[in-house]
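What follows is a set of structures for review.
Both complexes below contain subunit A, partnered by subunit B and then by subunit C.
This part shows the complex of A and B:
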């Protein structure tokens, strides 16, 4: 059993519960134990860095400092916004030692900046991809539009992850899972992220354009790696459909759910029932019978203070 | 006891405004060994030089210190004056009290004191100076031109017309370079082929020029005036003497589906091919990578149809040695590869092409006979978007420089398109319009005004295909970054001009320096633009930086003049400020122990092995020896020598220590 650090952030505990469920289930299939960072706090996304510089640095720094204290070297951060904040703060503090020591005094913890921040794809690539194809029992044989959004790949100069204008990493994973990752035009266009609540009309327009291009190119599913992308494309579907004056009913799946399905985890364990847009993928004849479902059990071990 | 003269220059007010020159002259005149000192308003002027010469004669000076500007400025002037007065020029040194003192300090006593220190240091150095004689090396009056594009052609013809022999090496089967691919040229719309092909033919027919096409330089040894070059003549699988260039083989070759490099992949060619109809030499080569015979072991159709039996399947590469006195690098440029533009769909969409491909579309000899037809379906595009700065001036793409030629050729493309498709609409996305050049700005104006090209200042964020159209999304920054979306039929990217592939390896082969972008580096950006840091090797054209045709031709002629000037001497003289390995009487012979650490660090391959033999011819000691023709006096070997056996004439360890001691013992 490999142990890897895990930072859920707020979304995994709320609106994107199925994201956490699917990541956990997938990890378990590959004998990986996700160890939640103890006493973690909000990463500060969207609000903190618009309001208070020191706060925006201190919040992610505290998470990383706690992980260091726990001896965690790699933290999986499935939420793209959390991943972005943690990575940027790590970079900024590494560039400026005096700022780093100032932040350390604010959070009152030792901060070295030694933990590796992994987004979901980097996590899969580091720990799972090598063994993925041998474990695929039910190829995910659907035309998939992989949607990366903005936070996963930008700013490239700091994250250095994938091709910034035409990312490929998720496409590669979907192909390994037996899927058909289609070429489409809106991989990194804005979904309206932060306006999900305040300006649903803007979200409907931006996300609507994304969904329209996907279905125009015959996508059967859109694959995402960010809870905000997911909520906009999934939860705001009625507004999107109203904007487009068209009924689009293809589901939005997390990459962890896609891989989970491919390795034979059942739909409920992956939380497919939690989506707003019903996941109603056409049944394709499986090449081999699916393996037994992974027992429903909390696979994330909540570390408690000794 | 030395008899040194000190000459302090006011340089108008450049020095005297902050330094008390009279005082400097007076104080340094009292130094031990200084026989004479004076100050003058302009030492470099004719009366100033006369003053210097008279003083040398009158006071029988055996050393001179001129306290004035940087030695880069006037050292040659004063050394020449000394020589004219009968003093060995290498006994004259300059003390830089302008750049190193008066320009950088305020008017103050301390400034004057610093000037005195600088002069004192140099006086002490000159006491240790030795009379040196210039080095003489013979010259082989044959030039090697590497690259057969317009720059190489111009350089070769200019040198050959001066009466010197030229050897031209071209990597491809034909000379002509990128210019032969162009349709028309800005700003006059001259047909590129029409002005180029006569010169290509002239190269082939010139009695002084030997042409090696399909050949590459393998190694370069030697030094200015005396290079030895190995050239690999790749096998053309053809006896060139028998081949008449009838072209029957190329029409009968069954393999016809190889993307034609010359047409930027817009057309196909056979495996035995002549790159383009006007090729020089107009004789085919077999592309062994794609030839059915070399792949499968049978076919030989070309051999069967050849009326003169010129095909040679078993022909091998030939490596020849040539001796040359100068080398002109004219290897040109390349355009940025497709991987850089995933967001523009270059390589993914057939109708997103680069500027060179558009040149082929617009060329009368191109795949569409000059009609603008898009590659995907052959339709005439009604809307073309031209994207300038595709890669250039974009740190994210790793290219921070301006490719310089794109603004002009993009304007030309838009104009040519409008001339051929009257109802078409050309759009140009640009960052700035850089049209510096004779008649260039007027040309761009014509494109915008007369040919109604829509210039949009802003960058394109993404291009994607939808319903057979290319959707180009960008911003108009002159309209408050308002988003722009154009449904285009075709997109032309003005991709950045980059160093030619293999430039780095070639630079290392011929031992010249290059910049971070792998463009070859000139010796001085302003005053030595066609020289390299390696004596005897010159630059012409776009191998140095992106250049348009007039600039490439000008640089090539400049390089040719440098070669001709070099060849105007039977012997070369150069400054003797080179490293030397000390020698002494037997049985020691030298402090050198023959470890040859110096050989491994010398950037100029100037360290040779010298064997000392006894009367029986047995080697009793191996020493390092510096080749004076190659040594550039950098001093790396001196720093590394474990036994302090190497020193540099004019900058010996002793001289440098003396200077430091003079400062410390104030």
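This part shows the complex of A and C:
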């Protein structure tokens, strides 16, 4: 059993419980124990850095300081927004020692900035990807639009994760899970983020444009790695459909749910029932052995794509 | 943060911003890629490239307009502008700086009331429990804005789906988190 530090963040304890459920279930299959940072607090999110700079540095610093105290070296931060905040604060404090000591006195804890912050994909790549393909029992055979959003990949100068305009890391994982990661144009466009409540119209427009491109390119599912992106694309679907004046009903799945399904974890354990947009993925017949007749339609599809 | 933004200060406005954030406004040569990529530019009174230009003028009138603008509150911090800027100017950090000053100076745009109310409700929840308590946030936000009927129809479904926690989680160190709020608010007293 490998032990890895874990910062769930507030969303995963509330509106995005299925994200935590699926990350935990996936980790279990690969013999990984996720150890929560003890008594962690909220990272402050957009609200803190919009309103008060010192607060926006101190809240994430407390989380990392608590992890250091516990001897945690790697912290998995599945929420892209939390991952972004923790990474940016770690960077800013490393650049400015006097600011770092000021923040340490504000949080009243020793802070060294030694913990490694991993987003969900970095975590999977570090601990799971090598063993992923051998564990796939139910290939996730769907046209998937991998949506990275903003905070997983930007700003590149600090996060140094994946390509900034056309990232690939999630596409690679979906392919390893047996899926068909489609090429599309809205991988890193903003969904409207924290404006969901205070400016719902803006979110409907931005998320609507994302969903429109996904379905225009025949996606059967959108795959995400952020609770905020998820809630905007999933929970705000009525507003999105109203904005687009059409009915889009494809589901939004977390990358951990996609991989979980592929390695044979059942839908309920992965929390698929918790999505506001029902997950009704078409049932695919199991792949026949090579000798058996391949349905004509499938052959044609493969040819067109090649 | 030692520089004051009061008038009659020897530093220029862009010089002051540079001191506070490390961002050099004068690097901007108005290519407009930030505004082209900004997801909310079309809703803004001044798109990001114009914000840069207004700051470059060092004109207090322009500065005042920005502190009272909707642009700074509409910015969703998506970091697209910084990503596409050929001079790598950290516009999101400038936006944070302007928002904080606008709030502190009680100059926030009246139309940004809901956005700011949401931020305040969000921070209050952390101050009290140590974490974000979503149901508390929504109730608090409704009280602040009077938007009592907003989203009432999705709440029951969210509850059934297990997406709404009826009780908040209080962390053990919540007093320590509250102490953080006290310390940082000493020199950044809330404006309104």
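One rule holds for everything that comes next: the second predicted complex is superposed on the first by the 285 of 306 C-alpha atoms of A that agree within 3 Å, B and C clash if a C-alpha of one lies under 4 Å from a C-alpha of the other, contacts with A are read in each partner's own complex, and residues count from 1 in each chain.
Definition applied: a contact is a pair of C-beta atoms (placed from the backbone, for glycine too) under 8 Å apart; a residue touches a chain by one contact, two chains touch by 3 or more.
Quick caveat: nothing in here was measured; it's all calculated off a predicted structure.
Touch criterion met: A:154 reaches subunit C, while subunit B stays clear of it. When the two complexes are overlaid on their common chain A, residue A:46 makes contact with subunit C while staying clear of subunit B. Once the two structures are superposed, subunit B and subunit C can be ranked by residues of subunit A touched, with C on top. Of the two partner chains placed around the shared chain by superposition, subunit C is the only one that A:108 touches, whereas subunit B remains out of contact. By the touch criterion defined above, A:185 lies against subunit B but remains apart from subunit C after alignment on the C-alpha atoms of chain A.
By the document's definition of touching, of the two partners only subunit B reaches A:216; subunit C does not.
In the superposition on chain A, A:194 makes contact with subunit C only, not with subunit B. By the touch criterion stated above, A:31 is placed in contact with neither subunit B nor subunit C. Taken together, the two structures place residues 156-157, 164-165 of subunit A in contact with subunit B in one case and with subunit C in the other. Looking at the complex, you find that subunit C touches subunit A at residues 1, 39-40, 43, 74, 76-80, 82-83, 88, 90, 92, 96-97, 99-100, 103, 114-115, 117-120, 122-123, 125-126, 130-134, 138, 141, 150-151, 154, 157-158, 161-165, 169, 171-173, 176-177, 179-181, 183-185, 188. Residue ranges of subunit A in contact with subunit C, taken from their complex: 10-11, 13-17, 39-42, 44-56, 58-59, 62, 106-108, 150-151, 154-157, 164-165, 188-190, 192-195, 197-200, 202, 206, 235, 238, 273-276. On subunit B, the positions that touch subunit A within their shared complex are 342-343, 348, 396, 462, 464-466, 471. Interface of subunit A with subunit B (complex): residues 156-157, 163-166, 183-185, 213, 216.
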